[in-house]
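Each of the two complexes below includes subunit A, the first together with subunit B, the second together with subunit C.
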Partner chain A sequence: MEEKKSVLKAGASMLRDYLVLVMIAFLVVITAIIEPKFLSGSNLVNIMRQFGPLIMVSLGMTFVIIGGFIDLSVAGTINLVAVVTISLIQPLGQLPALLIGLALGIVCGTLNSILILSSGALTQAEALFITFGMSTVYSALALLYSHGSTMHFWDISASKSVFEAIGGGNIGFFSVSFVIFLVLLAILWIFQSKTADGRAICLTGGNKTAARLSGIQISRSIVEIYVICGFMAAVGAIVLFSRITTAAPVIGAGYETSAILAVVVGGTTLKGGKGSVLRTVMGVLLVVLMSNCLDLLGVSSYMQYAVKGAILMFAIWLDNRKQA
Partner chain B sequence: MSKSGILTSIYKALTKQKAFIALLVMMIGMLFSKTNFYSAYNLLDMLNSTSILLILAFGVTFTIISGGCDLSIGGNLVVAGILAIKLLDVMPIWLAILIAVLFGAVVGFVNGFLVVQQKTEPFIITLGMGLLLTGVAQQLTDAHPLPAKNPNFMMISNGDFHGIPNLVIIMLVCFGISYWIMRYTQFGRNLYAIGGDYEVARYSGIDVIRTKWMGFVLSGVAAALAGVLLSSKLNTGSPVYGETTALVVNCGVVVGGTSFAGGIGGIPQSGLGLLVFGMLDNVMNMLGITSYYQVLLKGAVIVAIIWMDCFANKRKREAV
Partner chain C sequence: MDTVQSEYILSIKDVSKSFPGVRALDRVSLDVRRGTVHGIVGENGAGKSTLMKILSGVYQKDSGTIIFDGQIIDHTTPHESMKRGLAIIYQELNLVNTMSVGENIFLGRFREMKGMRGTHAKAKELLENIGSKVSTTKLVSDLSVSEKQMVEIAKALSFKSKLIIMDEPSSSLTSEEMVELAKIIRQLKEQGISIIYISHKLDEIFEFCDIVSVMRDGHVIDTKPKSEFTRNELIMKMIGRTIENEYPERPRNVGDTLLEVRSINTRKLHDVSFTIRKGEILGLVGLVGAGRTEIVRALFGADKVRGHKVLIDGKPVHIRNPKDAKDAGFGFIPEDRKFQGLVLPFSVESNISMASIPRFTKFGFIRKSLEKNIAAQQVKSLSIKTPSTRTAVNNLSGGNQQKCIVGRWLEISPKIFIMDEPTRGIDVGAKYEIYTLMKEIAEKGGAIILISSELPEVLNMSNRVLTIFEGRITGEFIPETTPADRIMSAALGIVGGES
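Let's turn to the complex of A and B:
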């Protein structure tokens, strides 16, 4: 009797752990039945491309959330990186533009971490408001830099083959952005699970005082998480504007909440200290599949917004129950 | 008192009264500008255009004092405003407003259930609620502004009483009521106790869950009321005003000296904090600063002030 109960309990906890996978499978089956177009090749490629920008931003956000903080500034970072990078293709050539764009992401992340460290912010709430302010600042800089205008690929006469490849090229069956994602995922996964710094970030998120007392430099962890997040936001920005071939100074709006949603749905706890980039991949997959499903089912984009909010609340509530 | 002692006390006063000092700096600065800043018309106009934000801030203060936070007020504001305008077609004004405000109370109730009863972190969960409500608002209006058909509705916010705009009068009434609740009722005192130390409040016999929950309901009611007033002021229901309002109002409350740590602050402080943003807008418009620079400056002010709040918290932690 006792044994049976414990087996049930283990089954229940496993179900909760892999709830996302179950939900993904469920979504795929339901949608494939209702709308056979779902499993067509063109729709799968479409899903892979939709996956691109959000997964990059979410991977970066995972580290911030594991470290016990939050970063609302990714929307502003994406805006700024996108307009700066696209404007530099013409005068500097594509590779310098690409590198400057990525460097700009790192600068934004570093700036966030400096503000957080110097103010001594230790809670998620404090980080939330500081990075919200920084998001406003970056967005305003993007507006000032671009004079509020949108830039298109067809305005650029110089070669832009690299960006066109990122946006629409294929390597074998996979799209280029998907390959970039696989490479970055491998690097980040190794960083997170096999290096001392990656472990330190986890411990910082678990309990900052305990981490400091056991000799971990939490300031170093804080700089690392924000730099990674800024860099990944920059990668996301480049993938995003390459795909849609335009860069508006408001291109990144909404990415911060979508990324937080994907990370939390994936099962990384908002309390910090626990989680993994692999979980985030599942979370993003669920979010992208869901919006693809809702699209195919003809749900308006406004209602999808509302559904996202509801799922975010539900995921946090569920996570909270699990911890308790 | 030693020299460093005096310096510390000056520093303390500066950080405590940062909203007041910011207002003073702007007022002194405007003495040297050749604008009509110091006209009764402009000052009243400034108060009028800040009134809606002030009403939001009074509501949010109830949640922040007790150690919570409400980022759903932006979504709540737009949905309540649109709801009021839609209901106007089928029922008298007072009933439409009443239903919109009741809707706000329900949103606050759900927030309270999730945050207080289920003990989730208030920040992201109310952000999610805001997202949900913004989506609902866009669906209700198809993302277009929705004009009101009843001309009397417009007069609520745009009318005036002997030269004083109605909005300012309503704001002052809200101020009076919330100040009284916070300061002179057992409920208000209990909110302070809960924010100060949740466990101590619980052990001293306060019904912590019910009290904190009620704070969220009040915040929802204030947000819905603000939404109705905004719709009346613009004579349209529009889904776009909710996006950053919630974060700005919560920041404004902190600017006034109410801390996210809970237990410190009050209604007058929140009012001062929001006035900083109201006056900043007014001053920037007066000086003819273009809109992109306005956004930049506002962001920088938010970062600077939240930074100071965090820094003060850090010093407090280290002093213990």
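Let's turn to the complex of A and C:
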């Protein structure tokens, strides 16, 4: 009797842990039944494309959240990186533009972490406000830099083959952006779960005071998480504008909330300490599938906001239940 | 039993509760008579807290019955049980620091009190009733621990509580404050209120309680009137074996000077300088807030301090943060185990290994098998009781949690081990094990700086003590040869002097 009960309990907690997988399967089946177009080749390609930029940003966000912080500046970072990178293709060539774009993401992340460290802000709420402020700053810089205008690929006469490949090329069966995702996922997963720095980030997120008093350099962890997040936001920005072949200075709007949603839905706790980039992949998949399915079912985009919000609430509620 | 008022305010029958891997309570039965003070003693992990949390509705029982004031209590919530007249005052008091005393007492019930004026008037009445003169408009953050406790008791009374549970109420009280607490307990009893008094401190149990229950390993071992227990019997029942001494002998082989600290000055500390020798236990004695913790935090680099000098083996070392301190050979047990020491949701393994990460890392990569060995070895050599090294440290008892922190540092063999309240909230058996460990560390040539609010502990363990009063060192004594009252008066700032 007792054993049966505990087996049931373990089963229930496992189900709760991987609820997101069940939900994904459920979503696929239901949508495929109601709308057979869902499984068509063109729709799957569509899903893959939607997946691209969001997964990059969300992977970076995962580290910030595991470290016990949050980063709302990714939208601003995406705006800035996108307009700067696209504008440099013509004068500098595409490879220097690409590298400068990525470096700019790292600079934004570093700046965030320096501000957080120097103000002594050690709570998620403080980080939320600081990075929210920085998002506006980065967005403003993007607007100033681009004079508010959108830049298009067709205005660029120099070679832009690299970006075209990122936007629409294939390597064998997979799209180039998907291969980039796989490579980055592998690197980030190894960093998170196999390295001393990854461990330090988890411990920092678990209990900053205890980590510091055990001789762990939490300032180093904080710099690392924001640098990773800034870098991944830059990668996301490049994948995004390469796909749509234009870069407006407001291109990144909404990515911060979608990324946080994906990370939390995936099962990384907002309290910090526990989580994984692999979970985030599932979270992003769910978010993308959900919006694709709602699109196919003809649900208005206003209604979709409400659904997204409800899912986030549900994920946080579930997370709190797990902790208790 | 079916009379209007049974003689028991609370009857617990065959209550069981399991957590994953642990049977916390095993068919526990307990009756609390009306108008008595009922003591519950037991080691940490004996099930006292679990039982209390079931009573208050924080946890739900798996089986058994609970009858409170003639009513069967099944599913309850903390709020419901308060309304029913069962109040718990937790060790870590549950008040809102940024609100006033009156607001705290009637938190969420301002409308019932007809606004702020009514709230403060009624709060004043309740506090006066228990002989407290705290102003009801004062902020809780400005109160002393004992004043906060008064506020908690007043809050309990505001619910017309019939039973008040006090969980380790004395753990951060000074001796004068204890006298106050004793007075209040007597008063409450006179008003017909029953009290469950949970404590590790046998002196208090014998002073306050009428009836004593002993818990061990999730069972109630024995319940008897206090007068029928002897002190030794109580200890034996608690730990299930006899111990001859409360303290081991002091370490004997004190060597050369190991650490020299020169002039720590901060807002709270004034020109603090001292030395410590190899193999020595140095005790810091002083009131809570005298600056003992600030001294060791400054030394360990946990707080920013400038201008002081630290020499280890005669060589100056520069400590800017805890990592520098660790690299220089310091170990540190912080005063607050849960919030400063442990990463509670993490495993025993990662909690033990967190100070020695470089030792199982190669080229930046963690070697899992080495880490596992390190943790398993500490669990074994310190006999930490845990189902496995992968268990969340949160599920361990206080003593075993503390041993995890000790093990964390032993792994890097620190030269100077700072221990701030190493035995707070842990039971007699585990305390003795920690003392033995301290002695071992010292005898291997390590030095220990010991802070404790329990004077007998510092005096019996230390080779030498420094008294701290208002941020200054007011005296240096050899406790083996100095009467305790002389040390105490130096710690109270009454007389200074060397011995």
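Everything below uses one rule, namely that the second predicted complex is superposed on the first by the 324 of 324 C-alpha atoms of A that agree within 3 Å, B and C clash if a C-alpha of one lies under 4 Å from a C-alpha of the other, contacts with A are read in each partner's own complex, and residues count from 1 in each chain.
In this section, contacts are C-beta pairs under 8 Å (C-beta built on N, C-alpha and C of every residue); 3 or more make two chains touch, one makes a residue touch a chain.
Values in this document were obtained by computation on a predicted structure and should not be read as measured data.
With the C-alpha superposition on subunit A as described, subunit C and subunit B clash in the combined arrangement. In the superposition on chain A, contact is made by A:Gly215 with subunit C only, not with subunit B. In the superposition on chain A, A:Val250 makes contact with neither subunit B nor subunit C. Of the two partner chains placed by the overlay, neither subunit B nor subunit C lies in contact with A:Ile156. Using the contact criterion defined above for the overlaid structures, shared-chain residue A:Val20 touches neither subunit B nor subunit C, since it reaches no partner.
Contact with neither subunit B nor subunit C is seen for A:Leu278 once the two complexes are overlaid on the shared chain.
Greater residue coverage of subunit A by touch, when subunit B is weighed against subunit C, goes to B. Shared-chain residue A:Ile130: touches subunit B; no touch with subunit C.
Applying the stated contact rule after C-alpha superposition, one finds that A:Met48 touches neither subunit B nor subunit C.
Within the three-chain overlay, subunit C meets subunit B in a clash at only one of the listed stretches 4-12, 94-102, 274-282 or 382-390, and that stretch is 94-102. Residues 18, 20, 300, 302, 321-323, 325-327, 332, 334, 339-346, 350, 354-355, 357-358, 361, 364-366, 408 of subunit C are the ones touching subunit A in the complex.
Those residues of subunit A whose C-beta lies close enough to touch subunit C in the complex are 2, 6, 9-10, 194-200, 202-203, 206-207, 209-217, 273-274, 323.
Subunit A makes touch with subunit B in their complex at residues 70, 115, 118-126, 128-130, 132-137, 139-141, 143-144, 148, 257, 260-261, 264, 270-271, 300, 302-310, 312-313, 316-317, 320-321, 324. Residue ranges of subunit B in contact with subunit A, taken from their complex: 69, 114, 118-121, 123-125, 127-136, 138-139, 142-143, 244, 247, 250-251, 254, 260, 292-293, 295-296, 298-300, 302-303, 306-311, 313-314, 317.
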